[in-house]
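Pasting in a structure now, in structure tokens, and then I'll have a few things to ask.
Order of writing sets the chain letters: A, B, C, D and E. Residues in each chain are counted from 1.
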Amino acid sequence: MEQVELANKNDIVMDIVNVTLRFGGVKALSHVSFNIKRGEIRAIIGPNGAGKSSMLNVINGFYTPQEGEIWFEGKRRPRLKPHQIAYQRIARTFQNIALFEGMTVLDNMMTGRMIYMKSGLLSQLAWWGKAEREETENRLVVEKIIDFLEIQAIRKTPVGVLPYGLQKRVELGRALAAEPLLLLLDEPMAGMNNEEKEDMCRFILDVNEELGTTIALIEHDMGVVMDLADRVVVIDHGEKIADGQPDEVRNDQNVIDAYLGVSH
Amino acid sequence: MQTLLFALEVSINGFMTGILYALVALGFVLIFKASGVFNYAQGVMVLFAALTLVGLQQGIVPFEHLINNLLGTSIHGFGWNMPTLLALLLTLLSMLLLAWLVERLILKHLVNQNPVILFMATIGLAYFLEGFGDLMWGADVKKLDIGIPVGISDTVEQATHEWFGYGFFIDRLDITASIVAALLVIGLTIFSQFSKTGRALRAVADDHQAALSVGISLRRIWVIVWSIAGLVALIAGIFWGTKSGVQFSLSLVALKALPVLMLGGLTSIPGAIVGGLLIGVGEKLFDFMIGSMIGGATENWFAYVVALVFLLFRPQGLFGEKIIERV
Amino acid sequence: MVKENKSENALLIVNNIEVIYNRVILVLKGVSLSLPKRGVVALLGGNGAGKTTTLKAISNLLRSERGEVTKGTITYQGDLVQDLTPAELVRRGVIQVMEGRHCFEHLTIEENLLTGAFTRKEKNSDIKSDLEKVYEYFPKLKERRKSQAGYTSGGEQQMCAIGRALMSKPETILLDEPSMGLAPQLVEEIFEIVKDLNQKEKVSFLLAEQNTNMALKYSNYGYILESGRIVMDGPSKDLRENPDIKEFYLGMSEAGRKSFRHTRSYRRRKRWLG
Amino acid sequence: MFYREVGEFKTSYPHDSGSFSIRLDKYGYYFILFIAFVVIPLMINDYWASAVLVPFLVWAIASLGLNILTGHCGQISLGTGGFMAVGAYSCYKLMTSFPDLNVIFCIILSGLITAGVGILFGIPSLRIKGFYLAVATLASQFFLVWLFNRFPWFYNYSASGQISTPERSVFGILVTGPNVDPWAQYMICLLFAFGLAWGCRNLTRGSLGRKWMATRDMDIAAEIIGVNLLHAKLSAFAISSFYIGIAGALFFSVYLGAVEATEAFGINQSFLVLFMIIIGGLGSILGSFIGAAFMVLFPVLLKNILVGWWEWDAAIATHLEFISVGILIIVFLIFEPHGLAQLWRLLKQKLRLWPYPH
Amino acid sequence: LPWLSYRTGPYSAGGIPTADGFVDYFTLLNERDGGIGGELVKIIECETGYNTQKGVECYEATKGEGSLVYVPLSTGITYQLIPKVSVDQIPLQTMGYGRTSAKDGSIFEWVFNFPANYWDGASVAIKHVLDENGGDISGKKIALVYHNSAYGKEPIKTLEKLSEKHGYELTLIPVDHPGLEQKSQWLEIRRGQMDYVLMWGWGIMNSVAIQEAANIRFPMENFIGIWWSGSENDVIPAAERAHNYKSLTFHGVGTDFPLYDDLKTYLHDKGIGSGDGTSIGTVLYNTGIYNAAILAGAIRKAQEIHGVSDITPAMMRDGLENLVVTDEIMASWGLPGFAPPFEVSCENHGGDGLAMVKQWDAQAKEWNLITELISSDKEVINPLIMEDSTQYAAENNITPRC
């Protein structure tokens, strides 16, 4: 409940200032600035190749922008390795599913709790003491998430053979296992039918409302975006073209031209 | 000055050796480029090609030991000497047959598998060919002579003697090899970079399934590249065989080709040549200048260490395709 | 019989096939469908229902995934095609666009497109003009034609995969989730392209889609697949009116479209069959 | 239904993540341990010890090691022979420099030294991947062997460059040297193999193991999730080398008794171990054992049949051995690319469903 | 009689003729004489591929079958077996290879390495060079090209000691297995303007070295190989260019011995010879014959000493230890003048270290002996052997027997 209160304070979790990212000649992002407030669902939309995924990659340190700064929790973030950023409790899912195919669902999710595992080598070697305790504690957390996502039945299945939709769900689970402060979702609902999308929306909303997790979401299904997002930022050709409440954005002529097309 | 001339001579010799390495490396590159398969059997294919060539040329009865052992007969050779050209032709045919069989019996069943698995399969093939080649043609040393001139080139020696006052010793075999290798590389580069089949080869290496789905016949592609690799193996076999006689150890030239491959990049045909030259010259010079100070016999590891250090700066080798990392 | 009537002018008939992966996992349990000449048929169903598997069974890509068709027949233009290689099928005009953007990473976008024309024996100029046509459909691709496909965005890869299939001048396209990950505007464009090709170039389509709304709008017949079985089929118009479909696939209740925000309780799906 | 898991309920998470969650497995396992620890030592003779069982155990340890690196962490290595040499030579130096040190410690210390060397040669893996890495590890193979061959200090300046093991005993029982009893030789290897397999099992089901597997399956995603790739890869190299070092030490001190770097630790050994894990199954402990058993036993078996029974020419038999090993590798890969261990798993799955086919 | 052969692997080319010779000799004894002392000799051939592990496997597999003596044919395997045979009490005979200090029979009770060892070889080679230079080689440059393994390193110590004595300059040039590429080594020899090159090579390394030597126009008559670097396999790939290449040998060359007539009549005419017969008379075939003949002699000796025909390994050891080979005995074997006479004793398991030099005639494709027997420099070698064997004795707590 404490976190919900914090959310009310409207403070800013992450501030992205003037970020520019280039790949050789390609400008993936140019001078993009926006912020993410605590406890909100922030959607990022834009046409294909606009630079949305690149934005997430910048946030979790996989790409280093040529220009611009990122402020996290009120502090300017120095240049960090992706795994160091994971320790700041920023977790994400990927556009092209990036699960560990050779591992079971359970192991995948336990990997998500990597940042909480600290037992030493010897303890692990003997499976005794801290290692065993830690394993059980973390397993409890993971089991809760498994229950929450209703994937109990596939706990021990290798993820490689799961259908696409379930894989997406497992990936969400893996991100949740990190108990993130900021959760980045890259097209979590691509390739799902309506019913599954509803389920997924439910999960996202629950995470957001009950755990108070801040979420940044990329999605192409406008229905989902309009229904879930608190605020939406629109990127086109690497530039921010709009930012605001869903309704504002939906009626923005620039956005309609660049992205939505006529029918929406 | 004297040292410099020596060093130069060593470099030139290294240069030539490098080309011989590159000839073996080329076979690897071709197959890797076309199917993402790291063909460990390339070295044994070199041996096998050379064995077959000698065997045919000298009229050895295939499997004579086995036959004699099983049937108690004592067959010893057909007693003919096949004309070199015919023997070459027949060897080439058998390499094509080998390519076809490899596709039929192995690759076909391993479509869309992890590269490591395919790599292992080629190791299995290497084992098989090693035993098969020896069983078929006998394990004794055979002399390969198809009329390529060997020995020091007098012309070069005289010429350099006139220029520098010091005659360079260069093997005529190496000179021939360099010319052949250069032609081969030019031909293959053109083939793979500018032809439709060449493009298909690269597609197959990236994604078997997608290649299948656009109608590229994996099986045909495989037969084609393995045939070319067989041809390259034959050429390498001819030169190495002429150089050191044909016997089991010939297959170990593969080990010399691997660092060349890394340095040049696994997917680049010109890379194989450039890598070969660098390694050839490098290892000879190193062994020559520094090797004697630290106890010699550095050639085996030097090439690998150079390649390793180099890869630290360019993980895909000189001309290899960049490893794509994206999420 | 309805079925027989259909097969009169059917291009592709899948008759009661069973598919097993790895010799143990039974995925399709008797699926039959038919694609009429110049038809656009949608194949709908939840995750893991077996849509992709069905398409792969038709295009013969199953074998490379260690799957096999153990029962039933597949005929194309009256010939059994189960034992053809994928390449032969492409030559006969059946091409699949695979789910999940299988592009050739190291090739440039343009090279990717050109490999699509691998089976064609025409002159270069014909192929060039087709290439231009694809660029017309997807201007974004033209912009990125010299980039390696591995570095392009998800949507660009999707376009590339579709464009590549078009390059083979197919008669029948098996489209697996074409709209996945595409911007709304583009989704519409893709379906317009489908319609266009269908009407102008007489291409038939078998669409596996999650975007039920769109799929039913642009197709003329639909099959619903659940757990490896066809549970319902009918003309798209009818399916759109079916209340179950409306509720589960289109997210509409009696009162019109529901907001995702308000699907409060988890609703367990009512199954048509076990 | 011979094989079942229904009717077994787990009441706690530790229980669920135990090594053998199915009862039948557990009994089979105890049975095998009983045979290995009690029955075999009573029956063993010289031939079985030094031609079959000891090499099998030593190679199994090496395969476990390589399996950690290649099977779990996804880094293909062809430097196994070199690392075994490090183990062997460290063991030799320790045994001869500290004659009073218990040989068990010597062996473990050799493992640790090898781990250090492993880390050193693992550093390039941070940048180099896949087959490039595989070839790069050959550098360690060639360099290490050269080193041991080159500097006489390593072989105590013996005239020929050979090292041979002094006699040492554990609890008054001789375990190294020519006078050792076959059962003692076998037992010491078995103890190491058992302990290490158990450790390997623990590591791979814990967080370190997951770190490795994540690195193997998708390194970028792993890093974004919080896996420090540097740590994951180097720890895999270290632990894998530790195992391989111990295997090398045992190979030298218990199994062969006298070795020479170039011959005993050549590149062939690197490939041999790689075969073992691939035939057995990447990332599987059982697979390491099956693979080692296969590669050790098969040639012996074939030779005994062809030469012993059918009295074929020895050379022909060896050629046939090559041919059939080659064919078998290929057939296995085609039939089950994930190795014999996976075959075993599939079999269990079939039994579980039996008598229904699906 | 187990015979650990290697007809496969990188060194098969050398292993095949040796094995053929060995097997043929005993087949001949069985066919012609009905065995030795009425006992048929059974040869158990076990394939090692020159691989130590397989060697051990072979040893363990065959030792239960009443093996009289082991002939490992590989220095690596020899080292492996030395400790084992003394425990199992089976003699080990290594002819011209193996552990040199095993010559000291007081410490190596079960190991025999007559008639000559590598240190003898090194010394004989240097003596030959001395002879050619009228006894003075101080300041000459001699290079040793060696297989970078236990085997190749054997002569180093001796050569170093000898260089102190004779004042020549020794350069060591190792070649790693397999030795397909030796350009830089030979260019180094060219640069160093070496006067003589000695070679301890094996397998493909030999033939490559000879070709490379020809390539730098190294005078072949100044190039001397050890007995394992002097077979037809090594010189044939270089064809005429190998003309005048020299190598050591401790037994005769060619087929000019009565035994070969018997081999022809009893074996090859009947088609029961091993191999295809082309190897008869080659150097390595002769080595095999010689090795077999000596063992047969030892068996006879053992039978004689113990008065039984079915001997045990321990008796075999006695036979070996008391073996006396004189010219008459050689002649009675059908091999007159084939090899030097020698006598084995408790102290001396290694013979007298006599060897000859042979030279290759590329036109005639045959080897010619060009020297008499040369004996090695005992003054230098014996202390070395003492040193090494005492060290071994100390390491393994062995008290000298005699």
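We take it that a residue touches a chain if its C-beta (ideal position, glycine included) is under 8 Å from a C-beta of that chain, and two chains touch if they have at least 3 such contacts.
The shown structure was predicted, so the numbers you read here are calculated from the model rather than taken from an experiment.
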**Study point:** Connected chain clusters in the absence of subunit A
**Key:** one piece
Point to revise | Path length in steps (a step moves to a chain that is touched) from subunit D to subunit E | key: 1
Exercise for review: Please flag the chain sitting at the greatest distance from subunit C, going by CA centroids.
Suggested key: E
Check your understanding: If you tally the C-beta contacts, which comes out ahead, B-E or C-D?
Key -> B-E
Exercise for review: For subunit C and subunit D, let me know how many angstrom lie between their CA-based centres, rounded off.
Suggested key: 48
Practice item. Please work out the Cα centroid separation of subunit B and subunit C, and write it as a whole number of Å. Key: 45
Point to revise | subunit B and subunit D: spacing of chain centres that average the CA atoms, whole Å | key: 32
Review point. Could you state the distance in Å from the CA-based centre of subunit A to that of subunit D?
Key: 41
Point to revise | Sites on subunit C at which at least two other chains make contact | key: 25, 151
Study note, to complete from the structure: Touching at least 2 other chains, the residues of subunit B are 65, 134, 139, 295, 297, 300, 326-327
**Study point:** Contacts with two or more other chains, residues of subunit A listed in rising order
**Key:** 53, 62, 94-96, 98
Point to revise | Pairs of chains, among all present, that meet the touch criterion | key: A-B, A-C, A-D, B-C, B-D, B-E, C-D, D-E
Exercise for review: Can you check the complex and tell me which residues of subunit B touch subunit C?
Suggested key: 111-112, 196, 199-200, 202-203, 205-220, 321-322, 324, 326
Practice item. Would you mind writing out the residues of subunit C in touch with subunit A in their complex? Key: 21, 25, 44-49, 99-101, 140, 144, 147, 151-156, 158-159, 177, 180-188, 210-213, 248-251, 257, 259-261, 263-264, 266-267, 269
Review point. Residues of subunit A touching subunit D in their complex?
Key: 60-62, 81-83, 85-87, 91-92, 94, 98-103, 107, 110-112, 114-115, 117, 119, 121, 124-127, 131-132, 134-136, 139-140, 143, 174, 178
Study note, to complete from the structure: The residues of subunit E that touch subunit D in their complex are 5, 7-8, 12, 16, 45-47, 49, 51-53, 56-57, 60-61, 63-64, 75-76, 79-80, 82-84, 86-87, 99-101, 148-151, 153-154, 157, 176-177, 388, 395-396
**Study point:** subunit E residues touching subunit B - in the complex, by the definition given at the top
**Key:** 7-10, 12-13, 16-17, 148, 172-176, 178-181, 183-185, 187-188, 190-191, 203-204, 207-208, 211, 214-217, 233, 236-237, 239, 241, 271, 276-278
